[in-house]
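Below, each structure is written out as structure tokens.
In what follows, chain A forms one complex with chain B and a second complex with chain C.
Entry: the complex of A and B
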């Protein structure tokens, strides 16, 4: 950030330059996780997990910031870390309000990170308020502890704030937690310690990590060399440890050995000498002369190291690598090709050959299973939980609510719903807009809400779920609902709707997607310029999705976004209609049936209906809808009953249902095609493209004009041409 | 069955250089008017036929030329989009140029070609009757199109080229897509 201040270390900076992008990416992820954990903490202040996780996140952020010399980030991160560390050591109880302050500080930290990333400087004093708030936490915390300790602590932390920590330190000094004490620890392991796969050196290491350590080994138990059994531990140790860690932390080091060792921890008076007569270096492995590490030992060691790292609060990693997106995309494409190749093989394979040859059958089933697993695993790489953007919405809600003086509670559900990475990224802006809109236009002021008999605090529910081939994201508020009169009069005034037009409620609600329409009386930087919802609409359309709004006056508004899971593998039924092939996601299908044409009731001028087990179901003929010629006037037709998003059932009339197939969904992102309203396309075993039906769109759309050119001619020709 | 007639990945390595060695392309290459100044920078154009007329597009926008293949009809798509094809695993829309230029809708024949072009960053196939040639033409030989309908800020045609007694119409590919989809090209 402040490069001018760090001129002397310019070389180091430039050598680190390539890693900066990685850091920012990591930092962004860490900030997201920090925010999530802090929020969790606010909801359940006594839980330990989120506290530890938040601490690890901030610690990593700070470390990186120090490395790249972003002094302002370091200062703020340090203050946050200090606050969290206090909570971790139990010296300050986490409360909702504290979590709130920590969250606000995190917001500021994100701003600083963003500024650092873009190479600009965040406004001066941007973080002052946050630092002050954290310092206030600090003072409150220290009041509850001994005054002597408080004095010690306030000193370094305040100085750190006024006087940004020197960035050349590889790791900014951790705040001094408590007055150091010296412990004398006698560790007398039982002889079977080594047999249990436990390694004393780990204890030494862990103790050493806590503070200044002197170790002395008692070798008096050693037998004569000839009698030595390498599996028995003959040694005992005395440790002198000077540490500021609480006694419990020291004792915890011995936890794993507790059942097979005697441990005695005595706190010595401060002046006690810490040197022991027969002290050996803590580096010398006490057990090594007797015990070349076995595999079991190493394993234990690793486990201990993990425990150790956790104790120290550094990042616990599941183990991850960063891969460039094109490589993943290549993998996804290849898997798609495998699926197609597989379909091709199956199509040409002689069924009798398979059934007569059980070994071939088994091999084939195994192969199919494997390729299915492969698909799922590869898709999982690109898929990302929607959580990453849901987390951001909390901040949006917080900021907007604060600005408008409204009380908002944001609930999220379905955060683990997986979406393609690009979709997740491009969904962030539209979603942010919708949430802001809900706060600005939906949620009323607290007094209005109370008068209406609602709780003062408005609620916004953000949810995501998978439905067939699509992901449904909903933003529901419990606000006033859309003021239909205002919207309509505004639309008429703007000439979007002719005066005197009779529109039903849903049509009026959806007018808010019209460009330039805003009913807000005042314009602020949150909403009201009227450029919002139509852009949202366009962006969602670009992702191949659609957006709908439902509102009821006084109860609230729900915005429903339906998005395709691009690139996903899907189970679908192959349907033919005329000579065209379509695919319908199995998730939508309730049942398939073959009926006589005479069973279909044609309501003149309206629609076709069939009765299934006493229920009347509206039919949609694909041939009619798509303007396809219907050459096969066969007596029977196939009907597929499908469920649409609102839960109602429709029947699709097709020529034939050809069976189940796994398909790779390829988006028809091209705007020319998105308009046509299909869920996507796929490539069939014969190499041709087939379209995936979106039943929701089918219900909405009107019948298309009858075939412009006889499609069948074109396709018949193609069929012949392809066969040649 | 579906063969790639020619693939032009880096079509314009050197503008003045003749085409790649014979045999890699079944298309013949001729230089523009010999009278043109030798130093005049030339651009290359892919010439194709649509009914009796010849058109051309800047080779820089052409990615490859393919034989006719099955085009999957998209119900509800704009009139000029005759469907989509499978281009090595990705789905690419095909524009019926004849319909785009106001003619009738094309009925597919095996002799037709699909010129895959990049328009606004996206691959779009152009359905044409035949691909004839690749020409290198000096910039000065491109004459403006007399505008009959006055000001048109998104003309479909960039100019006219007179070559060996034939008139070629230079198509502005970037403008093919916008009115086609009613959506901004980006």
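Entry: the complex of A and C
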């Protein structure tokens, strides 16, 4: 052979190295899609679309993995593909349990992909069980759906394709030709060969690659020059080829020419079957584009299957391009800068100039609108559906439930809710903790549940929805609820709460976010180390989010996470209090009002409230809360009604509401500031720095302050807790 | 020389197109048969390399449609697929494909094959 079959592995890998990142990203997306479609299939086993989509996903995963020589991924992907292919051809019916096995195998495949990505190696035998389970499916399929065929399969010599109406001659057994043989090949192409894009010279070259070649051309068919049509082939050839390649390999060279040519291959030294047809092998080495497959033919493909493959899929995907994240981040930064620059321009612009010049006014309004649209569009680039992590939670639930012997069903809704890509990524870990926690602490053992009159199977509902410029993610279980007595006594024992403190139910529930608090009786991999919820709390806060928990005994627990939709630009209202300026994200604001100071009521021993349309609303005075020097006691104050994450309403007492501004959020280095009730800082149009209020934290601070003092002498907004 | 690549895997698109670009071919990309047909006249390719299993329109459907258009009757078309089954390959051939390449492939081999087809 005059050429090597494959380039050295090292070369191939290094030349493919730059594409790995693309592959892993694609692979991750494909795994998510695969899992989603398999789950869909589990719910509706006879539906065609998810089956086709799942098949395509695994097919692409395998193709890429093979390209990069991730052998273990290829093997597992191949087993999955084979199983799905059988289902597609109707040889095996998808069942819920089969979908389950496929899902488990997909989990393992994710692990292998993750290992490949990080350059490590998954534990030996990690995929063994999955492969065995898939192989078992395979056997069952053969047994249950093709009994006749199984019986017919008498010996190893029987063709794999007995039941397949093949469009070629049956496969022939070919001993590997160790000894060189000489073939005489007559090649009489039809006139239309060139029209089909086939070049005889390529065939000659490919034959030459197989061994020693002698060529003679028959030019007798050539017409007179004037009648020559360049699109018609007038030549015929006779080749003498001496090669040690198997006959089938030689025949394969003519494979694609065979429909428009007569090919006769005769083996000269030994008597050989003189079939003129180009029968091909599934095992010949690669030699040309006209080559037969090089991989072992692992599965049979019948006509039905072919028809399926040719059927059109129905994915609704739009065209997309891939951009490195830093480029997008640069855009986001620039948009932030524009926002500041714009605020500065507005700040220094003479208002009368603008109002007296309608054209300038219009131009300015147009500019502001465009810059806002630009912001939204840039942020939308980073937006990602939360589905990518919701899908992962199914596995978390499955694994944890299995480990603990619970029965769990996980329902998800609002998967298409979009969040900033970074947020989505950072949310995965906390969400995983919460789901595990719900299973470990929330959902009871099946017998306990039955005794309590609940279904044996516990339910966890995972949902996401948009509220204003925030995204609310909820994890709700139908378990036992928080054991408040245990939590409180543990918290007292640990000194988190002073003994004898009077805490309301919500305050006790939220104690589980305290560092080190765990009521688990045993420590397991899943929960009980007491670090979980504390870390979850911190991680969510880092994302500019809030977390709270609501529980009712015997009915279940709901964890609510609220996250900002984007991390960069925010619409806020400017509030002043004395000499200080604060910003409150507009998404929280329900209403602004100016009231007489006398309208504020003091509830004895508790707090200040105001009555708005017959409803009492608790007030927080920013001046008192932040210990600002008491301003001149003006007769009127401004009150901003803000909605917090649990849906309740709080009133903030300020001096004045000064209007709307777009701000870019800069995070705060000092954790004390966050604890005091600030979500971040920003630079105002005049160049000054202002703090952004975090209403949820303000309320929590107030509640904590209230909780830490005995009920009889509760003092809200106690200065001592301001810094806490 | 202009080459149209049809593959729904971005990784494959990248690998194939960068490989061919490194050999100074001009490359056009499409994600599936429908898109490929849409860009066919713009790309006006000297060679088409297509995947088989794609969503919306697979390689077989695509090739048969290309061959129905008189201006692309002679354009060489190579399948580049993981599909190694002989039946598939023969269907491809009967639909008018010029050759059948298997994934995974060695980039250098792809260049060699493409050059030989285009010569």
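By definition in this document, the second predicted complex is superposed on the first by the 401 of 724 C-alpha atoms of A that agree within 3 Å, B and C clash if a C-alpha of one lies under 4 Å from a C-alpha of the other, contacts with A are read in each partner's own complex, and residues count from 1 in each chain.
Throughout what follows, contacts are C-beta pairs under 8 Å (C-beta built on N, C-alpha and C of every residue); 3 or more make two chains touch, one makes a residue touch a chain.
In this text the structure is predicted, and so the values were computed from the model without any measurement.
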Contacts of A:440 with chain B and chain C, given as first, second, both or neither: neither
Contact breadth on chain A, by residue count: chain C or chain B: C
Chain B versus chain C as contact partner of A:194, first or second or both or neither: second
Touched partner set for A:628, first chain B, second chain C, both or neither: first
Contacts of A:183 with chain B and chain C, given as first, second, both or neither: neither
Which superposed partner A:254 touches (first chain B, second chain C, both, neither): neither
Which of chain B and chain C A:681 touches, first, second, both or neither: first
Touching partner for A:390 - first (chain B), second (chain C), both, neither: neither
Overlapping contact positions on chain A, where the chain C interface meets the chain B interface: none
In the complex, chain C residues that touch chain A: 8-12, 14-15, 18-19, 31, 35, 52-58, 60-61, 73-78, 82-91, 93-94, 96-109, 113, 116-117, 119
Of chain A, residues touching chain B in the complex: 333, 336-337, 340, 580, 625-628, 666, 668, 670-673, 675-678, 681, 683, 687-691, 701, 704, 708-709, 711, 713-715, 717-718, 721-722, 724
Complex interface listing, chain A residues touching chain C: 6-7, 11-12, 15-16, 18-19, 22-23, 26, 53, 55-56, 59-60, 62-64, 66-69, 164, 166-168, 171, 194-199, 201-202, 205-206, 231, 255-256, 258-259, 280, 282, 286, 288-297, 299-301, 306, 309-310, 312-315, 317, 319, 322
Contact set on chain B toward chain A in their complex: 1-2, 68-79, 81, 83-86, 89-91, 93, 105, 107-110, 122, 124, 177, 180-183
